[in-house]
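In what comes next, chain A is part of two complexes: it sits with chain B in the first one and with chain C in the second one.
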Partner chain A sequence: MAHVVGPEVVKYACTCGLLKSISSLYFCRYCCQLRCGFCVCHEVDSHFCGKCCENLPSSEARLKKNRCGNCYICPSCQQELSTRIGSKGPSNPEDPKSTPKKMYYLSCLYCRWSSRDVGIPDQSAATGGWPDRENVNANRLQEIIEMYKAMVLAEKQQKEKDKKKQRGKYLSYTDRTGVTAAALRKRIGLPVDIQHSLLKAKPKEPEPAIAKEDVEDLPEELLTKPVNLTEVTTIEQRLLQIDLQPTTVEKLFPVHKQLSIKRSLRCRSCEHNVSKPEYNPNSVKFKIQLFAYYHVPEIRIVTVEPLRAGRPSELIIKFTNPTQHQTTITILSLVLSGDENEVKEETGDQPSLPQEKQPPSLSSQPSSLLSLSSRQPSITIKPRPVSQEVNADVAIPSSKVILPPRDDAAEYDDSGDTHNIQDDPKLVVWRKSNKAFVKLLVTPKQGLALNTEIVAGFTMQHIYTNTIATTVENREPDKHDHNIRVFLTLGNLVGFD
Partner chain B sequence: MPIYEALSDKLTVVLDVGSAYTKFGFSGEYAPRCIIRSEVRCKKTNTIRRIIDYENQKDLYDLLVDFVHVLYFKYALFSPKDKPIVVVESLLCPTLFRETLAKVLFEHYEISMLLMLPSHLVGLSTLGAETALVLDVGYFEAVAIPVCHGLPVIHAWQALPLGSQIIHNNLRALLNSDNTGINNLPESVIEDIKVRCCFVTKQKRAAQLSVAKPEITFAPEVKYPIGGSEIITVSGKVREKVYEILYDEDNDHLCLSTMLLDAITKVDIHLRNKLAENILLIGGTVMVPGFKARLKEELHKQLKHDRYKKLKISSFKFHTPPCKENYTAWLGGAIYGATELLSMKALTREKYFKENRLPDWPNMRDNFRTNN
Partner chain C sequence: MSRNSIKILQGALVCEESKLRGDITIGTGTIIHPSATILAEAGPIIIGDCCLIEEQVKIIHRLPFDQQDKENTPVLIIGSHNVFEVDCHVEAPKIGNYNVFESKSFVGNKVTVTNGCIIGAGCKVTQEQILKENVIIYGHDCHMREGLDRPGLQTLQMETLSKMLPNYHHIRKPNKKN
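And then the complex of A and B:
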């Protein structure tokens, strides 16, 4: 949507203090606050392969290390590999009339790399069966991991024993992790060359690695043989196969394609979703989509007179009401410090751990929260001050603008305005259905240099009609004022008064 | 213990944010899931920004928020909230950086617990050994720390600004003499030339590099194409010379080899031979062909000098970890992350917000840090 509402000359201050265009904001209906990608909690919703569109449950995705079992990418250029048919003689050599046996290989249509280049035999099945390589050090590493697991466990048990025996003094001595200062100072300079007691006690221990005096020499061919750059891998190619990091291209092997995810976004104050996609990877629709675009009046700049420092210029902006309810817009002067809608008093810079905060009642958020029973309430972060500076004053009009509800049918109705609204003619220059064109006077500040980018700001107060019934008895739509700080980039200063 | 049960089925992320590359994966695995450049795309300017180029804490916070987001939602593919994390950090990691990273992880991503592990120490666990001299050659600097019986001997610590950054600058300067337009090349291209063309040459040949009439033929030159139209020449001399900066002694007669010997000198006499015979090299720079062989040659050369004769070291032995050197420290974190250490030592979210500081490690570091 960015190209529809772009360029980003109108920005809204999110509750968290960041400036965003309306298309990248969310509106939590439960908190009646703006939210953005920065201040919501991102969650992985579902895993899928972007090539074959297979959906994988998260446990299976974890098992497969977040990679698709069937799709591969090119180890040379990272594009997706295609399975190609290469027939390989008759299936029965004695009978020349038998149908040729189909054999498959992987090929990159982009850089022409193919699995045949590196000597991988063709496969008889189209869907995979491609050999996967194991880490050559797997056995040794598993031994080492087991050894450290046992060692730390023994230490933990020792500590618990010591704790019981009230022998706190020795705690730091057995501390193998080196993470406490006291233990360290005691240990430094100790000439003891004893094996660690825990190491000794443990049965079936892998041998510690032995250092060697012989080291691999510089390959002589580097000094004599000319380098063929096309045979030497780049860093990106090496890092695609982390455990091998091949230096030459003949050791490149096809790489399983990394899975993609769909994300859901959750408001950190009330734990409700502001965005939740549909599970099917082919669907671009959402189950929940609380985009600000559907709830908050949109502002667009229509015209602005040339800007001169110290002289008022006429600015015409268009307000559009996206909701099904009539709203009233009041333009207020901008308050840069703090958040307008902040109700609760948060003091100090540190986020508060919301111990008293209860998860929302499950009736209002049925399925998605049930599965997340272990979920902790989110931490509230204090909003940051808006970093944008304004260098033009906006004359605050005394009257308000009423915006009728959106009516899709009215778009095709040229018969004239059916809404009988008494407008202040100085403020509203024109209106049609749910839109109003509003005239404001902006005065760039004195003393600005020529070509300075002029940014003006005001607070837009609109009446938001909340349609979610908070309690069973209260079926009346809940109306209340919502303030949004809006910043308009108006162009560059062209002169002085 | 409820905390243990809660942990056992959870994936623990292991993160090693390097100055140039970040290693990211899961505990108990044998290799990181990804090694990516430590950089993010800045939404405002639509340019790539390196994490290390942060302007202030707020800027770093925002960079790390974006970076961690990519790690979790592009590579780990699960939600960080209420999950533990293991962070492998260098001893030289600035306090501002580690504290901001912790703030991002706890406040923004709401992780349940954080275990910070020193890279030199945990890198050693890949060997199953307790004592070694660990040399980490990273982007900004090379750091040598002896680890004895599982504890780093902090006062013996040595560091010099000998990392890939200085090598890249050196390569750019050397290429400049044979080519034009080198100054405008992005560092990633310089890095690619380094990785694909250059190597650490032998000591004998290195001596010939500065002679007017060398008795050797340098390695063949490489024609390196830039952007499909231009070609720059990487001469054999440049290919061999670029890493020599690691062994050029500075005004205090310090270089990569003296660093190791100085670290050994500062350790108790009984342990010196053991350290010399247990050298572990980590960091991406040590993967270049010829690095180990040359380091050994240089160590023996320095040993003949008066200042190191007293060490009475006869041989140097090098470890070969069961992994690539650029993720050895990460692998150590993955090994420790698979143990009970997390439930024993990790900083929980509750404690972090209560005390609002990270434990111990920085205090200890303040005891030995003099510069930076």
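And then the complex of A and C:
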């Protein structure tokens, strides 16, 4: 969707302080906060193969090294290989009437590489049975992996031991009596260093690699003969087969296709999902999709007058209300550091302080929010200050803009708008259904050099209507004032004429 | 140059809506779709047998600027069994047999194409060179690799086309006995 809202000239400050376009932001309905890809938890939902759409449980995926067992990609260009029917020689060469035997080979439709190029014999079954090459270092790798596994285990046991020891310290009387545990053990005839029995099972270390001094000489022909680049593999091709790293093209072999994942994103403050895809690999839909694009008014720049230092320029921006509820937009001045958003975020993690969480102009008590935040937050996010510099002042209008709810049918309705909204004609220049064009005055700061990129910012306050299940006594949907800091890249400064 | 002299051999299928300019000879079994453009600007073009020239294809016989003053008129000879896919643009001065020019590829007028070459979709080849046999150019960065064999023939596709095209398009009559 990025190309629909691009170019990225309008950026929203995420709760964490990063600036993002609206298409890459999420909106947690439970915290009423913006979230971006950097301040949500990414969780792997399922592994699947993008070619055959097979779903694999994560344990099986790990066993197969996150690769599909049946699908291959081209070692030459990394596109998917397709199985093709090759020669149809008779299954019995002596009997010409016998049914023709189909042979299959792998072929890339993109760069025309085929398994025949490197001499892999054709297979009689379409589903594969393609030979997997053994890694020459497989044994050594296995040895090292086993050693590390054993080390992890030993470390774990040691930790448990230490824990036990610590606990024992408070229970034993040896401190008081002055008799150490070891001495006591000796006295009753037990081996002294029993706690080291685990350390004795030290993992067997594989033979260390030995550095060699004599290396192969540089082949003379590299300097004398012209290089035939069609025979040499590229870096990408070598790194695709990391275990073999073939240097010439005749050593390229089909590679198992890497699995893809479906992932869900979870708000780090309240652990609710902001995005959860459907399980089926064939489906591109979501079970949960709390994208900011569907909850937060979208701002687009319509026109801007030439920007001159110290002179006000007229800026027209368009607000679009994506929700099913009417909203009111108030433009406030930008607070860059130590602002209310940060305070709110920090206190937002403590449900015991509802007054602090509540924005000053809240229209109704967010009692539902309190009941919902029963889950303990996993991580407290420390918001960072926004690093974007602003070099233009925005004249803050005194009046507000009302945006009617989104109505998909309104686009086909020529009868005109039925909304009876008294607009400030100085602020709202045009409106239609859920959109409004708003005029602002922007003044670039004095003393800026020509061609400086002008960035203006303001805080957009909109009323967000929360529709998540409300409690019995509070049937009215919750309405919140939600502040978002918005940064507009308006273009470069021009000179006076 | 203004005179059109189109020679169509028996068995060739040339749609009337194709744009043919100059001295062009079209071999047996060759199929030229409507809206294909063949311009013989610098000299005659001879197209061999069983070539497939699809829609929006531009085959232009045009000399590089530094060779335009020469006395003798060069002839662009295109071999047999070449496939020109949709919207490819070929200006090569010499084309052998069994080549495939994939969709939206471009071959400049300093590139000699031998036999069995594949110019991948969207690839642009302009540097002066002679493409070796069975060379495959593919991908965004125009990687080059050598194929084992020449590309397969489009026999089935051409059979279907030779049945279908006359039903929906006006066909130029062959005007030359082979």
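Methods note: the second predicted complex is superposed on the first by the 349 of 497 C-alpha atoms of A that agree within 3 Å, B and C clash if a C-alpha of one lies under 4 Å from a C-alpha of the other, contacts with A are read in each partner's own complex, and residues count from 1 in each chain.
Going forward, contacts are C-beta pairs under 8 Å (C-beta built on N, C-alpha and C of every residue); 3 or more make two chains touch, one makes a residue touch a chain.
This is a predicted model, so every value here is computed, not measured.
Trainee: Tell me the contact category for A:Val249 with respect to chain B and chain C: first, second, both or neither.
Mentor: A:Val249 contacts chain C only, not chain B.
Trainee: Identify the partner contact of A:Ala211: answer first if only chain B is touched, second if only chain C is, both if each is, neither if none is.
Mentor: The first partner, chain B, only.
Trainee: Who does A:Ile421 touch here: chain B (first), chain C (second), both, or neither?
Mentor: neither
Trainee: Identify the partner contact of A:Leu450: answer first if only chain B is touched, second if only chain C is, both if each is, neither if none is.
Mentor: Once the two structures are laid over each other on A, A:Leu450 reaches no partner at all.
Trainee: Now for A:Lys149: first (chain B), second (chain C), both, or neither, which partner does it touch?
Mentor: In the superposition, A:Lys149 touches chain B alone.
Trainee: Counting touched residues of chain A, say whether chain B or chain C comes out ahead.
Mentor: Larger number of chain A residues touched: B.
Trainee: Is A:Phe38 touching the first partner chain B, the second partner chain C, both, or neither of them?
Mentor: A:Phe38 sits against chain B, while chain C stays out of touch.
Trainee: Examine A:Arg140 and indicate which partner it touches, taking first as chain B and second as chain C; both and neither are also allowed.
Mentor: In the superposition, A:Arg140 touches chain B alone.
Trainee: Please work out whether A:Trp113 is in contact with chain B alone, chain C alone, both, or neither, and reply first, second, both or neither.
Mentor: Only chain C is touched by A:Trp113; chain B is not.
Trainee: Could you tell me if A:Cys77 is touching chain B, chain C, both of them or neither one (first, second, both, neither)?
Mentor: second
Trainee: Identify the overlap between the chain B-contacting and the chain C-contacting residues of chain A.
Mentor: The overlap between the chain B and chain C interfaces on chain A comprises residues 229, 234.
Trainee: Can you check the complex and tell me which residues of chain B touch chain A?
Mentor: Counting only chain B, the residues touching chain A are 6, 11, 21, 28, 30-36, 65, 69, 72-79, 81-82, 106-108, 110, 112, 116-118, 121, 125-130, 132, 148-155, 191-192, 195-197, 199-202, 205, 219-220, 222-225, 268-271, 274, 277-280, 287, 289-290, 292-294, 296, 315-324, 326-327, 331, 335-336, 338-341, 343-345, 349-350, 353, 356, 359-361, 363-364, 367.
Trainee: Can you list the residues on chain A that touch chain B in the complex?
Mentor: 38, 41-44, 47, 58, 61-62, 65-66, 135, 137-138, 140-141, 143-145, 147-149, 151-153, 155-156, 159, 176-181, 183-184, 187-196, 199, 206-209, 211-213, 215-219, 222-227, 229, 232-235, 239, 242-243, 245, 258-259, 261, 263, 350-351, 353, 374-376, 378-379, 381
Trainee: Under the definition above, what is the set of chain A residues touching chain C in their complex?
Mentor: That would be residues 76-77, 110-114, 116-117, 229-231, 234, 249 of chain A.
Trainee: Considering only the defined contacts, which chain C positions touch chain A in the complex?
Mentor: Interface residues on the chain C side: 118, 120, 135-136, 138-139, 143-148, 151.
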